[in-house]
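Heads up, the next two complexes both have chain A, just with different partners, chain B and then chain C.
Right, the complex of A and B next:
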């Protein structure tokens, strides 16, 4: 039995947990219906860019939902969590009304619980591994909702706990980029006693959490609270700093940095390279969302402009596409459309996001792909030509690959098009370090366990390694890299590579 | 950090601003730019670095008042701090012993041209610079350019200074007079377009520094995309300088106007103020 399993077992055998299990028989627990997340009415929320859709559980709802959890002897849910949160422990703390203890449990392994409780695809992770899902074919315990509840409760209580950190060891390490991978890495390293600096190219800390995910899904003030928490633990943040440009790796080594964690993200938006794609009014989801989320372009008080459209088409079927199309709706689009080349079943977006989009009146034009854009005399897009698709055999991703239906082209009137068909790794770091090994897609190659790259003092994780993934997978990378770097810096180099 | 240490007006719309930025002052090269944000409400605006003093830890920027953001920046005074300043960004100019270099700068485009002219001169080139503007008071940095040029030709639209005429007229005369090995063109998009057409006729390799709209400046948003040789490039990370003969200037000009209707209350990103 590993030490981690022993730890979990020890925690589970605590008197309060054992008594809680006895208090309610499993039979009774399993008859409770899964809680429904209270939501803001779609007709109201489509007018507000900054009002959250999910309103969060009440304390009563949370306690009842927590009671559903059977506190399994072998909690498979934890295996589904990329940052290994002790899920039964935090859930049972909610059940017994110790909400602050629940929050503390989350922070043992997660630097961003209030964020994860909102944006993690729990249905594919912890909740997919829940006993209810696996063995009973029932809806799983709403772990994500409960995580959000505990984190929100703690924040609103004004009694935020700051995780304990080891005595400073005087070793300087850097995280490059300030998105979820870096923040998770920084949280773990500061706990181990390192002197951690996070370098960010933009003027705000948070990476995709700030520029990408809209306020109606993840308010910036929630992110800020988690950042303040890291700051209180001792993490330093350097904004407006591009490692490799503002200062080189050698400069930073000369300033005492012993190792680096690169989590610079999947910077470059992909386009489709079809005729007319550079007309005005056609932009990447990164640009659209950055203008609105980071630069507050939708507000008159801010100087950055954003294009508004009556007929807005968003190309793609992922979470970023959903964020973009729902943003367009909130900025006044009469017709806000998703154009996706496969069918609803293959959409990579979370089911919840698609569902919310539908409630908000988003049109889904599936099995359809743009082939050309047309513009008015001033170069502003006014029409797009699309073609219909059908599904063929499954491709490498396991999804059925779309095939063109010949002669099926037709035109749609549009005045704004947001292209959300994925991103490529940001080349800034690889181009600054010639000896760094990168794949032919431009992602940094690392050892999967330690996240160490071909340059020994350089570790990497998140989208710059994965090429485009989720917040929580990035956070898992950050944790593994922290462990890997710690082993490397403490001399146990045999465990890497 | 980011404190303004000096401000000089070149004309009633164009100011030179010297800012404390020690790291950028050390690491910048000709062709690099910075992105800055004046205050919490401000836009991120790109500005090419005109000069730097690594010992004093300062960089020099030249700004033309175009919209809200550039006006805000120009209204700042020594002692004020720019909220955010990041750089150096973009690819540095490829400077090499080219032989005879013809440097064509239009309006505030002369500002980013200055370090390039200096670079080519130091690389042993013969440098002929042409400074062009609408009228006399808009000719900037003449003295600094003279320092690094073998010859300087001034052209104004109204003939109020130097010779009357467009920059292309001055350039063609030089090309017909002597062998020109390379050309750089920096200024308003339309000026670069016609300069490129001219040098293409004579087969002279030409670099243009593009003033595309940008938001982040690190390759993330794609607002600055431009067609070069039939391929889409990002001005911020692939440029800002490109082979002028391959650039689709008509597309660039249309894209520069992409936010014109939205700029009634907010300012323009297109300013990249040194350029147009």
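Right, the complex of A and C next:
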């Protein structure tokens, strides 16, 4: 049995857990219905960019939901979590009413529990591996809701715990970019005693958490609290600092930085290369969301403009597409549409976001792809031509490929189009380090276990390695990179998260 | 007076009617330079295939299975692959332009009608002198009518012509129920030229192994008869120029096409078999023949033996078998 499994077993055998299991028979636990997340009314929330849709569980709801968890001897849910949160331990702490202990458990391995509780696709990760899902074919324990509850409870209690950190070892390390991969890396490295500085090119820390995810899904104040926590642990943040421009790697090495974690993200918008895509009124989801989320373009109190439309089409089926179309609705769109070339079943967006979007009156035009845009005499887009698709045979990923139905084109009136078909890796770091091995697509090539690149002192993770990743996968990369860098810097081969 | 080989095809003036057809030999800049130096009138670059991009995507997905659990990533990866193919092809166009010194024609193999409008525009931006659309729909879908297939050709041509200003030619197959009518209508769409006919992968059967295998990929030197016949029938009846392709290995065959009414010939298999020198050989062979016959320019004899000029339909259309077998005694 591995050390980690022994640790989990030991935790499970603690007296309080054993007693808790005895208090409620499993048969009774499995009869409890999964909790429903209280939500802000769709007709109210579509008028507010900054009012969160999910309102969070009450303590009573959280305790009841936590009681559903069977505290399995082999907790498969943990295997589904890229940052290996001790899920049964935090859930059982909620069941016994020790909410602060639950939050503390989350922070043992996650630097951003309040964030993950809101934006992780739990239905594809921990909840997909839950005993209820796997063996009983029932709805899983609402692990994400409980995670959010514990983190929110702690924050609102005013008794935030700061994770313990080792004594400083005097070794300086840098994280480049301040998104989820970097923050996760920084949290682990500071706990190990390193002197950690996070360099951010923009004026705000948080990366995609701030500029990419709207406040109705992830309020900035939630992110700020997590950042403050990292600061309290000793992580330093440098804003408006572009590594490779403001200072080179050699400059930073001369300042004593021994190793670097590059998580500079995928900030390069992608377009579809179809005719008319350069007309006014067609913009990338990066630009659209950054203007609204980071530069407050939706607020009259700010000068930053953003184009508004009555008929808005968002191209894509991922979370960024959902964020964009729901933002458009909140900015006054009468018709806000998702245009996606695959069917609903293949949409990569979180199930909850799709559900919320539907409640808000978003129109889903699936199995449809744009082929051309048209504009008025002033060059502003006024119409798009789309073609219908059908699903063909499964491709190498197992998903059915969309195929064109010839002759199925028709036009849709639009005055704003947001293209959310993915982003490409930020080319800045690869271009600043010629010896760095990058893939044909501009992603940094790393060892999958240690996240170490071809430049020994340089590790990387998140979108710059994956080309596009969810928050939690990026955080998993950050944790692996921290363990890998620690081994590299100390020669300690036993270290692992 | 020495013969002048100048002709027009692809909407361009060419110094020779011998054109390097699209093949893997024209996907490499060094080869392109050698073929151009040997005297080719133009280079048609190796086609960018929609189908090939799809297969490349499948290969990459199989290789990168660690990302298969991330549908958001998967969802845009095909755009990445497509962009990469386009970027490489754009580079090939600009490198070929710098190396060749003769017109460079970008070639697109279309399987769907919308996908390639943007590609066409990018290839124009990259400096291609003209475009060739390698159009082919296998008429093997029981659910489709002949009209569906024909519409596909017109749709692609119309869309590409709307998005580029450089001349666009097409290369087609002979799989039409009324080939003459179809070619004539296509010639009236605004295309600069039509090449007859493209040659495809063909299956064969190995009777020893009892397996379906690939037939010879290179054309034989008698395969020119089908495109020659249709060049002769169609010359003078189309609104654009014609070129012959498939089975053209020698100067003599090239001359036959010119006499039938083609403005140019495209060669690929001969290049594979004999290298770029075959282009120089063909040019000198055509020149020699013209000198012997006293022709100064290609236009002096182009189409001299076409159906329109010969006026003898039977020669081009059907009777040769009857005559041959009618006189045969056993």
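Quick notes on this one:
Throughout what follows, the second predicted complex is superposed on the first by the 491 of 497 C-alpha atoms of A that agree within 3 Å, B and C clash if a C-alpha of one lies under 4 Å from a C-alpha of the other, contacts with A are read in each partner's own complex, and residues count from 1 in each chain.
Everything below uses one rule, namely that a contact is a pair of C-beta atoms (placed from the backbone, for glycine too) under 8 Å apart; a residue touches a chain by one contact, two chains touch by 3 or more.
Just so we're clear, the structure is a prediction, and the values are computed from it rather than from any experiment.
In the superposition on chain A, contact is made by A:346 with chain C only, not with chain B. When the two complexes are overlaid on their common chain A, residue A:35 makes contact with neither chain B nor chain C.
Once the two complexes are overlaid on the shared chain, A:126 sits clear of chain B and of chain C alike. By the touch criterion defined above, A:474 lies against neither chain B nor chain C after alignment on the C-alpha atoms of chain A. Once chain A of one complex is fitted onto chain A of the other, the partner contacts of A:273 extend to both chain B and chain C.
Of the two partner chains placed by superposition, only chain C is touched by A:398; chain B is not. Touching of chain A by both chain B and chain C, each in its own complex, is seen for residues 273. Contact residues on chain B toward chain A in their complex (touch as defined above): 23-24, 27, 37, 41-44, 68-69, 72, 83-89, 215-216, 218-223, 225-227, 232, 234, 237, 251, 254-255, 257-259, 262-263, 265-269. Put simply, chain A touches chain C in their complex at residues 124, 270, 272-275, 316-319, 342, 346, 348, 371-372, 387, 395-399, 401, 404, 406-407, 409, 421-424, 440-441, 448, 466-470, 473.
The part of chain C that touches chain A in the complex is made up of residues 54, 57-59, 61-62, 66-77, 79-80, 82-84, 86, 112-115, 117-119, 121-122, 148, 151-152, 155, 163.
Against chain B, the residues of chain A that register as touching in their complex are 201-203, 211, 239-242, 245-248, 265, 267-269, 271, 273, 277-281, 283-284, 286-287, 290-291, 295-297, 300-308, 378-380, 426-428.
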